[in-house]
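Heads up, the next two complexes both have subunit A, just with different partners, subunit B and then subunit C.
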Partner chain A sequence: MPRLIALLVCLLAAGPLHAARASDLLVIANPAAGDVGPLSANAVAAMYLLRVTAWPNGTHVVPVNRELGSPMRTDFTAIVLKQDLTTLAAYWNEMHFKGKVPPLIQPSEAAMLAFVQKVPGAVGYIDAATAPVGVKVIGRFPNPSSRTTQP
Partner chain B sequence: MPRPAGMSSGRAGWAAAVLLALICKAAVAQSEYEPGHGYNFSAFNVGGFADVTAAAATDSGRKALSVNAVSVFATGHIASVFNPFVEAQLTGFDIVQSGGVGGGRNGTLGIDRLYDDAILNDNLTLRVGKMLAPVGEWNEIHAAPLVLTATRPAVTFLNFSQYATGFSMLYSDSSGDLPDLQLYWQPHGEFLEKPVTPFAFATYRLVEGVHLKFPVSLLDQVGLSFQQTTDLRGTTQSLGGIDFQLNFGRIGLQGEASYSGLGGETRGFARRNEWGGYLAVSYALTNEVTAYSWYEQFTGRLNMSAARDLLWGVSFKPDPAVVFKLEYLQNVGGRPVNPTGVIASWSVLF
Partner chain C sequence: MIDVLKRSIPHRILASLLAIYVMTYLVTAVVVYSGARTSVIDSATSTLQQLAEVKYERLANDIEALATDVSAWSQLDVMNDLVSGDLDKRVARTLEQLKAQYALPGDLYAFDAAGALVASTRAIPLQTRQAIPVVWKDPGKGGVILLGKQADPIGGGEVLAFIIPVEGAFDKSFRIGTIVLSYPWPAIEKQLFSPETGTVLLDMREGGRVLAVDPAVLARRHHDPDSLSAGAIRHNVVVGRSTARAGIVEGWEVQSLRDTRAVTRPLRHVGIELALLGGALGIPIFFLGRWLSNRLTAPVMELTRVAREIADTDKLDARVPVTSEDELGMLARSFNRMTENLEHAANEREHFVGELEALNQSLEAKVAARTGELEAAVAAQKRLIGDISHEIKSPLARLGVALGLARLSRKNAAKHFDRMEREIDNVSALASELLTLASLEDASGFVPLGEVAINALVARIVADAHYELPGRDADVRVLEPDGQVVVHGNWDLLRRAIENVVRNALFYTGQGTPITLTLAERGAHVLIVVTDQGPGVPEEALGHLFEPFYRVDEARARKTGGSGVGLAICQRVVEAHGGTVRARNNAPTGLIVEIEIPRLAE
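Here is the complex of A and B:
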C-alpha cells in the first residue's frame, strides 16, 4: 500500500512537471516572405528592432507582437530579442517618434496565427504546441519557462 | 526678433491636420492599440504626443497653464521607395496666463516634418523633404514624453538649425554593431519654416551636416555632430558637438556639448563663437519614479558671459508613454535662457 501511494504521488508530481517543460517558441512568417531558411535569434531581433525592413525577396517586413502582459511576449522578448520589456518599450517609443512603426499587436495566439497567415510579410511567434498551419516556421527557440497552454 | 506666425505655415498645418484626419477616417484598424505605438490603419500609422505644462517664473512673475505642444504624425509604407512621413504640431498655447510681459500665447500650428524615405536596402535610406537635423539626440527625439526633463537645455536647441529641408542619406547597420551615419544637405531655405522665437537667432538658408551615432546598447549611445550653416543675415556657423546617454543600473548619465565658430556677417555680436554644454544625472528611485538634475553653461553670440542654470526635479512614469514631471530651475549666473522657476508637466505619447 505505501508503495502504491508513493507511485501515485510520483505520477501526480510528474504530470505538471511534464506539462511545464513542454514547448518551444516558434517564429512564423507569412509564406510571401519567400525562401527563408531557419533564422538566428539575432536575425529575428533585427526585424523586431526595426533595423531590417524587407525580406530577401523585397517583401516588406511586418513584425507582430503579443499584447502587453502576455507571458508569451515576456518570453519572446527575453529569449529571442534578449531585452527587457521596459527598455524595449522605451526604444520602440523613440523609434515611433523617429517615423518607424513598432510591431503590431495581436491579442491572442489564434489572432497572431491568423494575422501572419493573412498579411504578406508578417512575422510573429507562437507556442510550439499550436500547429503552424498556413505559415512558414523560420525559427525554433527553446523556452525554459514555457507554458503549454497559451491563451 | 520675434515675428508673427506665417500664413503659409498655418495653412499648411491645417491642410496636414485635415489629411491626417482623412487617413484616420478612411482606413480600418488592423491591430490592437498599444500606448506610444500609434494607431495602425492599413498602410499608415498615426501617432503623436501632447504636453501640458504649468509654469511659474520667479523673475518675471509669469504664471501660465499651457498646451506646450500637441503633435500628430503619420507614417506610411506604400512601396520601398515611398514611405511618406508628416508631422503637424501646435505649440505654445496658453490656456490661462498671468503676469509677465507680452500677454498669453495663441499657439502656432506648423509642419515639423514632411519627407519621404526611399529605402535603398537594409542599410541605406535616402530621405527627401523637411526633417529634423541630427544635432544631438535631444533634437531628434524632442517629444516631451521621451526626454528627461520638461525644460530643454539651451545647447539642445539654441545654436544650430533644428531642421533641414533637402536631402539626407542615412546609413544604419542592421546588426546594430556599427555606428549609424547621417549626411544631410539643405540647398535653400527651410520649407514651411516655423516662426522665429525670441531665442532663435537666424533663419537658415544653407544647412549641411553629418552625424555619427555609436551604439552602446539599445538606448545608450555616443553621438558626434557637425553642422555648417549660412543664415539669411549672411552669418556662417560651423558647429561641432558631442552627445551621450549612458545607463549604469539605476543611474543614468546624459549630456551634450557643442562649439560653434561664427564668420561672415557678425556685426552686433558680442563674440565670434558660441559654446555650451549640459550634464544630467538621474537616479531611478523605483521603476516609475526618477529623480534628476542637470547643470548647463551656455554662451551665446550676443552675450559675453555664460548663462549658468541648475535644474533638479522628479518624474513619475506610470507607463513608458506617460510622464509627469515636476522640476525647479535656478539661474546661477549670466543672462538666463530658461527662466528661473517651477514647471510641472504632463505628457503622453499616443
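Here is the complex of A and C:
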C-alpha cells in the first residue's frame, strides 16, 4: 500500500512534467518493411507523398496518416513533411488526377499502432509517449511544440 | 319411363330426337367449353409467366443492387479500420449509418482478416470474441458471394447472406476482412408474395428445392412444401415460370401459381349460359319434335284406332283415311282393301247362315208336319183298328144270337139261318172292303192301268143301282156330255169308288129324293159330281166324311147298312189316280161330292 501511494504521488508529480516536456514523434513501420535504418524526414515525406512506394525489400509502402486537424497530424505535417496545408492540398489535387489518393487515415494513436502492426509495409507515426509495440521505429523526430498528445 | 317408351312410337321418336339433340348439344357445349377453358388457362399461364418474370426480375435486381451496395460499402475507406480492429468504432458507426440510411431489414457484420467479428449492427458483446461462422468463410475467390437461403448462424432465422471480402484500399492484394450482410428471408418473401397469386421460389441448382412459398399456397397444399418442388406433379394449378438467366441469383426460378378453379371461375358464367341456351333451344325442339312425331305417326295411330274399333265392334265398314302416297299410305290402302275383303266374306257368311237357318226352319216345319201326319196316321190307324173290331164284333154278336135262336126253335131256323148268312156276308164284305182299302193304302204301283171310259162306267153303276134298289130307279139321273170321257186308270177301282159315292147317296136319302150324277170335262180333268137333296151333313162333319168308319149319325148308318169305309175307299182310289174328292153341302139341303180325276195320268 505505501508503495502504491508512492507510485500515485510519483505519477501525479511526473504527469505535468512529462506533458510539459517536448514529446518526440516516432515514425513506425510494420516489421515487414525489412531492415531499414533510421530514416530522414525527407525519406519519410517521400513515402507519404507517394514518391517512394516500396521498401528496399520490395514490400509495398502503405502510409497511414492521422485525421486532418489532429495535433499529431499537424505536428507531422510541420516536422516531417515541412509543408503547409495549402501546398499539400494543391499537391494532392495534382496527384488525384494521376489516380493517386492521399494516405489512409487512422483516427487515433491506438488505431494507428494497430494498423501498422497488422498491415505489412505500413508506415505511421505516433507520439513517443506511446509504446511502439510490435512495430519498428524507423525515425524519431523531436516535436518542438511540446503538447500533450490526445489519444 | 321405359314402359311409356315401349308403348308409344311417338314418345320413342320424340325421345330419340331429344336424345340426338341433347347429345349433339352436349358434345358442342363440351367442345366450346373446353376450348374456352384451354384458351383461358393458356392466357392465365402466359399472364402468370409474365408476372413470374417481373417478380424474378425485381428480386434479381434488388439482390443485385444489394450486392452492389454491399460491395461498394466494403470499399469505403473506413473499412481499413478493420485492420486496426476498429478501435475507434468507425466501422461500427458506418455500418449503423448504412443500415439506417438504406433501411436495411437485415444485419451487417464486419470480420477482420483473422475471422474475428469486429463490428456489427447487431448488439453482440465483443468480449464473446465471435468468430466468423464457417458457412460465411470466404473461399477467397473474390467478389460478392451470395449464400442462398440458410439459417443465420449468429442472429438466427432464415437469411440470405452476402459475403464480401474487403481488400485494403492501399493494396488490393491485402485482405483486411470480410463484410457479411445477412438479409432476412422474410423480407425477400414479403417482396415476392402478392395477394392475387401464389408465388413459389425454387432453387433449380439444388434440384428445385423450395426456397419460399406463399403461405396461402402452402395452406392449399396441405402445408407440404415438397409438393411444390420442381419435380412434384402439381394438379389443379396454373403455373407461370420465370426463365432462367445469368446473374447473381442464377438458378432461381419464380413460379406464380393460381388455382385452376380460380382461373376458370369466369367460365362458369359461360357454362351457365351454355346450359340455359341448351334449355332454351330444347323447348322449341321438344315441341317441334312432338309435332313431328305426332304427324309422322298419325296415320299409324289412325290405323291402330280403326283396327281396334274393328276388333272391338266387329264393324267391318270402318275405313282408314289415305293421306299420303308413301309407305304409310300404301299400308292404309292395303288395310282398307283387307277390311273390304273381310266385310265381303262376312256378308256372304251371314247370307249363308240366313239361308241355312231358313232351310233349317223349313226342315223343322216339314219334320213337324211329317210328325203330325204320322201321329194322325197312327191315331187313324188305332181308330181304324178299333172301328174294325167294333164292326166285326157287332155282326159276330148277332151271328151268335141267331145261332142260339136257331137251336131253340127249329121252326124258325130257316129265318135265323138267313140272318146268320146275312151277317156272314156283312163280315165278308167288310173284310173285302178293308182288303181293298189296305191294298190302296200301300201303293197303286202294281194296279193294272188302262183307258177307262167313264160314261160306260157310270152307266154300269147306275144299272147296278137299279138292280139293287128297284124302287129308286126314277130318282137317279145322269147328266153327261156327248162323246166318250176317258181317263187313264183302273176300271175296277174307279167303278168301286164312284159306286160307293152313288150308293152312299142312295142310302142316305129316302125314296123320291132325286140324285144327280153329272159327268163333265174341265181342262185336263174329268169331273164327276154326285148331288143329292137329302139331309146333308153338319158343316163340321164335312172334313171327316172320307175317314174310315166315320158316321154322322150312328143309328141311321146302322139301319142303312154299309161297311163305313166306302167313302174312304173312294178317296184312296181317286188320290191313287192323282185326283181329288171333295164334299160340300147342297143348297138348300143335300150333299155334293165332287170327284176330279186327271184325264190321262202322266
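We take it that the second predicted complex is superposed on the first by the 131 of 151 C-alpha atoms of A that agree within 3 Å, B and C clash if a C-alpha of one lies under 4 Å from a C-alpha of the other, contacts with A are read in each partner's own complex, and residues count from 1 in each chain.
As a working rule, a contact is a pair of C-beta atoms (placed from the backbone, for glycine too) under 8 Å apart; a residue touches a chain by one contact, two chains touch by 3 or more.
Small disclaimer: the values here were computed from a predicted structure and weren't measured.
The larger set of touched subunit A residues comes from B, when the choice is between subunit B and subunit C. By the touch criterion stated above, A:120 is placed in contact with subunit C alone, subunit B being left untouched. When the two complexes are overlaid on their common chain A, residue A:102 makes contact with subunit B while staying clear of subunit C. Looking at the shared chain after the overlay, A:110 reaches subunit C, while subunit B stays out of its contact range.
Legend: residue contacts after superposition of the two complexes on their common chain; A:60 is shown touching both subunit B and subunit C. Touched by subunit B in one complex and by subunit C in the other are residues 60, 101, 104-107, 115, 119 of subunit A.
Interface residues of subunit C facing subunit A in the complex, by the touch rule stated above, are 77, 80-81, 83-85, 87-88, 90, 113, 168-171, 174, 176. Residues 42, 46, 49, 51-54, 58, 60, 64, 67-68, 83, 86-94, 96-102, 104-107, 115, 119 of subunit A touch subunit B in their complex. Note for the complex: subunit A touches subunit C at residues 60, 62, 101, 103-108, 110-115, 118-122. By the touch criterion given at the top, residues 30-34, 36-38, 40, 45, 47, 49, 73, 75, 77, 80, 85, 113, 117, 119, 121-122, 140-141, 143, 145-146, 172-176, 218-219, 287, 320-321, 349 of subunit B touch subunit A in their complex.
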